[in-house]
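Next come two complexes built around chain A: one with chain B, the other with chain C.
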Partner chain A sequence: MLEIILIFIIVGTVIAIETRNMLSSVIAVGAVGFGVSLMFLFLQAPDIAITQVIVEILSLIILIRTTTYADNEAIEKRLDTFANMTGLIFLGLFLAFCYWAFSDLTSFGQPLMNVSQYYLSAGLTDTGAANIVAAVILDYRAYDTLGEAIVIFTSILGAFVLLRTKGKKKTEEKDIEKVGIPE
Partner chain B sequence: MLLYILNMLVFGLGLYCLIAKRHIIKKIIGMVIIEYSVNLFLILVGYRINGIAPILSPGENPIVFSQVAVDPLPQALVLTSIVIGLGTLALMAAYSIKLYEKYRTFDMSEINRLKG
Partner chain C sequence: MKKEKIKELIEDPNLGMTLIVKTVARITIALILLYGFYIIIYGHLTPGGGFAGGVILAIAYTLMMLAFSRRIALVKLSDFWASIWDNIGMLAFIVIGFVGLGFGYFLFNFLSKGKPFSLISAGIIPLLNLSIGIKIGAALYAIFIGLSIYGRLVLEEEE
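On to the complex of A and B.
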């Protein structure tokens, strides 16, 4: 089951990368995101699945807005065969290294749970939360969540500062009035 | 193991998109795909065979629950990581709109040529 969804994700990724039309490329990314959300649901992570759906819809809106800002034609440029072959060879090397590195991980389905075992067994009595994920986010690792909230705040502040138009224009006009337009 | 390798294939495709494509939005798409793959990998590592979601239902025995539930720690960290992904995506989109307003193109190599 999980393999089928992952193959769907891979097909969606290839379509998103290789489509000429930018709008359909963005839509394909949306399909990939919903596939990932389905995967989370089958991996017994309902909180993340819900968050992924919401974030997916919002990021789709942002990407479509950015795409339709200009004409949505892809930039035509064919890589030569040498570059394609090199890319494929390095992808294969990367996967081989992954295979070699993952042999040190515990096999799929048997996680190494040194710390999490304590969270699972004592989470209810320590924090009173039935949802252990919420207990970890908001109690055991609350400072971590605070730091991540600061990261989100900073990035949104950066986007806001980049996209504002009103304040900037006003100061520029004032400067021109002060100095006078050079003849 | 097959799941991990397929997941890393998605990562490699995203990396290819990030490096080889010239359209800025294609580069952003590659970044988003890499993000999905890393989040999915962390959840895959924490999965337990025939596990249940780490949410206690009323009347459930806590000792049995702690032996069958999946790992809650990567889920908690990925939850915030997904939302941070949305924030960085908004920042990248804002930058690309600014670049378009300045250079009137989304082509990366064209922007390099026009620089200065």
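On to the complex of A and C.
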């Protein structure tokens, strides 16, 4: 089952890159996101699957809103044979070394590490939370969550500073000369 | 005053999408908000949590903004108040962490653990989920409304 979803994701990615219409490219990106969330569901991670679906919907809304008003045709494609061939050769080398290196790995989820064994056995009595993911991200690893929240807070602050209209100075001629940006 | 203005804006046929979309959106927005709060409040018992529930809240407000118009979104929850709620959520997380400093260490789980599998259990984890949910919901809504209105407000003022 996992292989079918992986092939679906790869096909969706190729369509998203190769298609000429921007809107169909965006829709293909959305299909890839839903495939990724299905894969998380089959790997038994429902928390991540829910988050992936919802963030995918919100980003898809924003992308569709921007592409419907923008110029819908992609730019003319230029083929660079030397760059493509070099990229393909190095990708082949990478995959060959991957096959050589990953054949020594243990199977998926085996064996459990010491720390995850401790979390699974003592998580309920330590924190009282039935959802072990919530127990890990908000009790054992609460510093990490605080850092993530601060990252989002800072990025929102930066976006508001860039997008704001009040208090923004109008560009004059001397600013353009100073920065050196042509109009 | 505010309610009358919202009613007037909802019934204006020139704003927003068609009547079918408006009627469906009026029902589904409440359900989506309810589901978002469910995901946040039961985050320590079922899959989900603060981040996922917060994004669902943001999606409910985004649906309101797309189905009706961006003017009604500005009356309901303006960009100023969205950023205020964002700050409140972030501040609540850090304040809970500093209260834990008085009992042991930073972000110490100082409340009683309660009975497992009941709604009020797990100490500070539901409170942290709630603060993260409010923060993420307000922040993503603020980003969407900022991308949507800020360039156009200048153009409307110049006209």
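In this section, the second predicted complex is superposed on the first by the 153 of 183 C-alpha atoms of A that agree within 3 Å, B and C clash if a C-alpha of one lies under 4 Å from a C-alpha of the other, contacts with A are read in each partner's own complex, and residues count from 1 in each chain.
Simple rule for what comes next: a contact is a pair of C-beta atoms (placed from the backbone, for glycine too) under 8 Å apart; a residue touches a chain by one contact, two chains touch by 3 or more.
All figures in this text were calculated on a predicted structure; none of them were measured in a lab.
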> Of the partners chain B and chain C, which touch A:Tyr143 in the superposed model: first, second, both, neither?
Replying inline: second
> Between chain B (first) and chain C (second), which does A:Ile27 come into contact with in this model arrangement: first, second, both, or neither?
Replying inline: neither
> Now for A:Thr51: first (chain B), second (chain C), both, or neither, which partner does it touch?
Replying inline: both
> In the superposed arrangement, which partner chain does A:Ile62 touch: chain B (first), chain C (second), both, or neither?
Replying inline: both
>> In the overlaid three-chain picture, which partner chain does A:Val36 touch, first (chain B) or second (chain C), both, or neither?
In response: first
> Which partner does A:Gly128 contact after superposing on A: first (chain B), second (chain C), both, neither?
Replying inline: second
> Among the partners chain B and chain C, which is in contact with a greater number of residues of chain A?
Replying inline: B
>> Quick one: is A:Pro111 in contact with chain B, with chain C, with both, or with neither? Answer first, second, both or neither.
In response: first
> Is A:Leu91 touching the first partner chain B, the second partner chain C, both, or neither of them?
Replying inline: first
>> Going by the contact definition given at the top, which residues of chain A touch chain B in one complex and chain C in the other?
In response: 46-47, 51, 55, 58, 62, 65, 124, 130-131, 133, 135, 137, 145, 152, 156, 159, 163
> Can you name the residues of chain B that touch chain A in the complex?
Replying inline: 1-10, 12-17, 20-23, 25-26, 28-30, 32-33, 36, 39-40, 43-49, 51-57, 62-63, 65-66, 69-73, 75-91, 93-98, 100, 106-107
> Which positions of chain A touch chain C when the two form their complex?
Replying inline: 46-47, 50-51, 54-55, 57-58, 61-62, 65, 124, 127-131, 133-135, 137-139, 142-143, 145-146, 149-150, 152-153, 156, 159-160, 163-165
>> Which residues of chain C touch chain A once you look at their complex with the stated criterion?
In response: 39, 43-49, 51-52, 55-56, 58-59, 62, 66, 83, 86, 90, 93-94, 97, 106-107, 109, 113-114, 116-117, 121-125, 128-129, 132, 135-136, 139-140, 142-144, 146-148, 150-151, 153-154
>> Please output the residues of chain A touching chain B within their complex, sorted ascending.
In response: 2-3, 6-7, 9-10, 13-14, 16-17, 22, 25-26, 29, 32-33, 36, 39-40, 43-48, 51-52, 55, 58-59, 62-63, 65-67, 69-70, 74-75, 77, 79, 83, 87, 91, 94-95, 98-99, 102, 105, 107-111, 113, 115-117, 119-121, 123-124, 130-133, 135-137, 141, 144-145, 148, 151-152, 155-156, 158-159, 162-163
